[in-house]
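Below: the structure, in structure tokens.
Letters A, B and C mark the chains as written, and numbering starts fresh at 1 in each.
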Amino acid sequence: MPLDQLPHNFLTARLEDLVQWARERSVFPATFGLACCAIELMATGAAHYDLARYGMEVFRASPRQADLMIVAGRVSQKMAPVLRQVHDQMVDPKWVISMGVCASTGGMFNNYALVQGVDQVVPVDVYVPGCPPGPETLFHGILTLHHQIRTGDLLARRERSGAGAGIQVGQRDGTPSHVQPIPVRRKSA
Amino acid sequence: MADDTADGAAAAAEPPTDEIAAAVVDRFPGSVAVDSHGQPVVYVDPGVWHDVAAFLRDDQRFTQCVDVSAVDHLVDAARAEIPGVTLERFEVVANFLSHPRNRRLRTICELGDEAPTVASLTDLYPGLNFAEREVYDMFGITFEGHPDLARILMPDDWIGYPLRKDDAPARIPVVFKDDPAPR
Amino acid sequence: MSEPKVTDQEEQRLEAQTDEGAQVMTPVRGEVLGGGVLWPETDDTMILNMGPQHPSTHGVLRIMLELDGETIVRSKPVIGYLHTGMEKTGEELTYVQGGTNVTRMDYLSPLSNELVYSMAVERLLDIEVPPRAVWMRMLLVELNRMASHLLWQATNGLDLGATSMMVYGWRDRELTLRFLEKITGLRMNHNFIRPGGLAADLPDNWREDLDEICVTVEHGVREYADLLAQNPIWLERLVGVGQLTTEEAIARGITGPILRSTGFPWDLRKAQPYLAYDEVDFDVICGENGDCYDRYMVRLNEILESVKIVRQCADRMPAGDYRIQDRKVTPPPRARIDESMEALIHHFKLFTEGFRVPPGETYVPIESPRGEIGCYLVSDGTGKPVRLHIRGPSFYNLQALEPMVRGALVADAVAIVSSVDPILGEADR
């Protein structure tokens, strides 16, 4: 319907809903391909599966421009500090999808070299199973994340369930980012 | 598995059929040539490790050394005895390839438990730079004369040599949710 | 821009200048090199760090580049960011389980890894697989080579800004992947080629699917050639960039398409045939100059050669068993397990304890899409290997970076890294 045919030329909505809707529809993933899963991640973004359907086809090379980190592959002890730094560099609000069993639990490689679950390093919102998960499985994970962003119980769930291996994630100054939002300074009466 | 060991010993006792292996044994007395599943293998003394490689490259036209690796035999259940070779804990293995002759040869040297050291082949085959660093990283075997013997796969400050048999694989027990104790 | 001249003396100094440690790089301050003009005395070089989280380093490769202006003077690849401890894990898995481990090394050609591992185990066991298994293995490995090279075309295009090439490459690879999924049940990491043969037979109607793939891929390759091979921008980015001589390539342990691009026709499928490669008709593709463009053309044409081999495999596929009928290594057929207790026990024992392999050691090399992949396997007579070492071609091929990027521009470094086609899962294992 053209705008001039609207009986009233304004709509009302809760600001929170609007923000959540906007966030859901404009998730910018960071490129964090590590191993086999990265290939499936790229396949998800390529012609046949086409991640652009969810407005997510633009993978940002700079973590500063991204708000979703899809950890696609096994995280080694050598890579873990890098992963953490990239996560710290991303702007709030940010989400993490742990793609594949290696990122989620270490998978079949229970040995000295791998971090046994990326949730020991960064907080994880959605775990996608599979070795590697097919693009359809990743889509399911992404849609689950979208649902969590839209319904807004994302942070509540994380706090309630103590997910993320009970590790408090803070910015560089040590303040847990998702627990304490930026304080709004009110003018005192 | 005693039968298999005996088979291995019997196979090793035969004279080497490969003329390159025979040439190496001729040139470096004390070396032992065996046939391992159809492939020529020469067990050489660690002291002549570099000389054998130089001989192979310069006289026998082995243009490429495709791989250097090592084996830790600390906890072997059974090990084929090779007459004339004193088996030690570590083995360093080099696979040579000759493009013009289209032949392969493997040389193996035995290294003891205490500070295993062998000469580096990087001056002959620069492509072994990474491989020797990997062996150093994983087994703690030192290659003398290597230009930059640093860890390659593990972080610089890692302690221990992961592929040694006495280095635990660092298994983290699998704990399931609501599980009273790790399995 | 003047081309920096690197003399032998400088080269020796650069080679020796690694006392700073393998994972550190410090700028050389105000130093004039032997040749004289490389760096002004007052000026410093700059260290540029690429990776490990960088979109064009194909995974988690990290390269430190020392720059004079925009020219690369020195480079140092740092690997290990994907070190998975697979060789240690391989010592803890039985020979039956080992395939799941090695298939995850080179995740773009998992079937090559499975093949080299299975061949090594079979050589230690002294068994021969039946003819149908041989030809099926060849068919699968060549399909995988097609998929791998198609993906390389895609990522190489993406790295150099040809985004449409990326979409095309993925499109045709998807077709191959779907066929492999139909056969093996998985898109990647198949664990389908196993010691003693294969996990299952070919599915119904495989021939029709295969013909469609061959036609589509052949058409696709012509399309890519039309799109890029004579494209002036493409030529500008690739011709003469990252040159490597045959001598240098051989000395540095380089194998596969990079070695062939220097004009040295060395392909293990021809030189030291395994499976039934001596019975099929195909050509070894080799380049002339050893630059990025030759590597591109070698890989592009190798897709067509693989199609040729796949067609011959399909035509000559023999009937018979797809795995050896040796009860020591082969599980009983699925139907028998339902009706026979002994078959169930046999199956259970085989997959929990595995089979024993006589003591010995062997090295088996084959030609993977990236070069010579070798498996050095040592057994002590138990059900698990003492040592499982994979000679990863990417691991050695990465050493080609240093001579190739020396004297190149930063933008060329992206093209050169891309043309090496490193798979870090295999380099770091």
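Quick note on the criterion: contacts are C-beta pairs under 8 Å (C-beta built on N, C-alpha and C of every residue); 3 or more make two chains touch, one makes a residue touch a chain.
Because the structure is predicted, anything quoted here is derived from the model rather than measured.
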Most widely separated chain from chain C, with each centre as the mean of CA atoms: A
A-C against A-B, pair bridged by the larger set of C-beta contacts: A-C
For chain B paired with chain C, centre-to-centre distance based on mean C-alpha positions, whole Å: 23
Gap in Å, rounded to a whole number, between the CA centres of chain C and chain A: 31
Inter-chain centre distance, chain A versus chain B - centres from mean C-alpha coordinates, in Å: 45
Residues of chain C engaged with two or more neighbouring chains: 80, 83, 85, 88-89, 92, 428
Multi-chain contact residues (two or more partners), chain A: 77-78, 110-113
Junction residues of chain B - those touching two or more other chains: 153-155, 162, 169
Chain B-facing residues of chain A, complex: 77-78, 106, 110-113, 116
Chain A residues touching chain C - in the complex, by the definition given at the top: 31-36, 38-40, 42-43, 46-48, 59, 61, 63, 73-74, 76-79, 82, 86, 108-114, 131-132, 134
Chain C - residues contacting chain A, complex: 52-55, 59-60, 80-86, 88-89, 92, 100-101, 104, 107-108, 151, 154-155, 166-168, 170-171, 173-174, 177, 187-189, 424-425, 428
Residue ranges of chain B in contact with chain A within the complex: 153-155, 158, 162, 167-172, 174
Sites on chain B touched by chain C in the complex: 1, 4-5, 7-8, 36-39, 41, 63-67, 69, 71-73, 76-80, 93, 95, 99, 102, 104, 106, 125-131, 133-134, 138, 147-148, 150-156, 162-163, 169
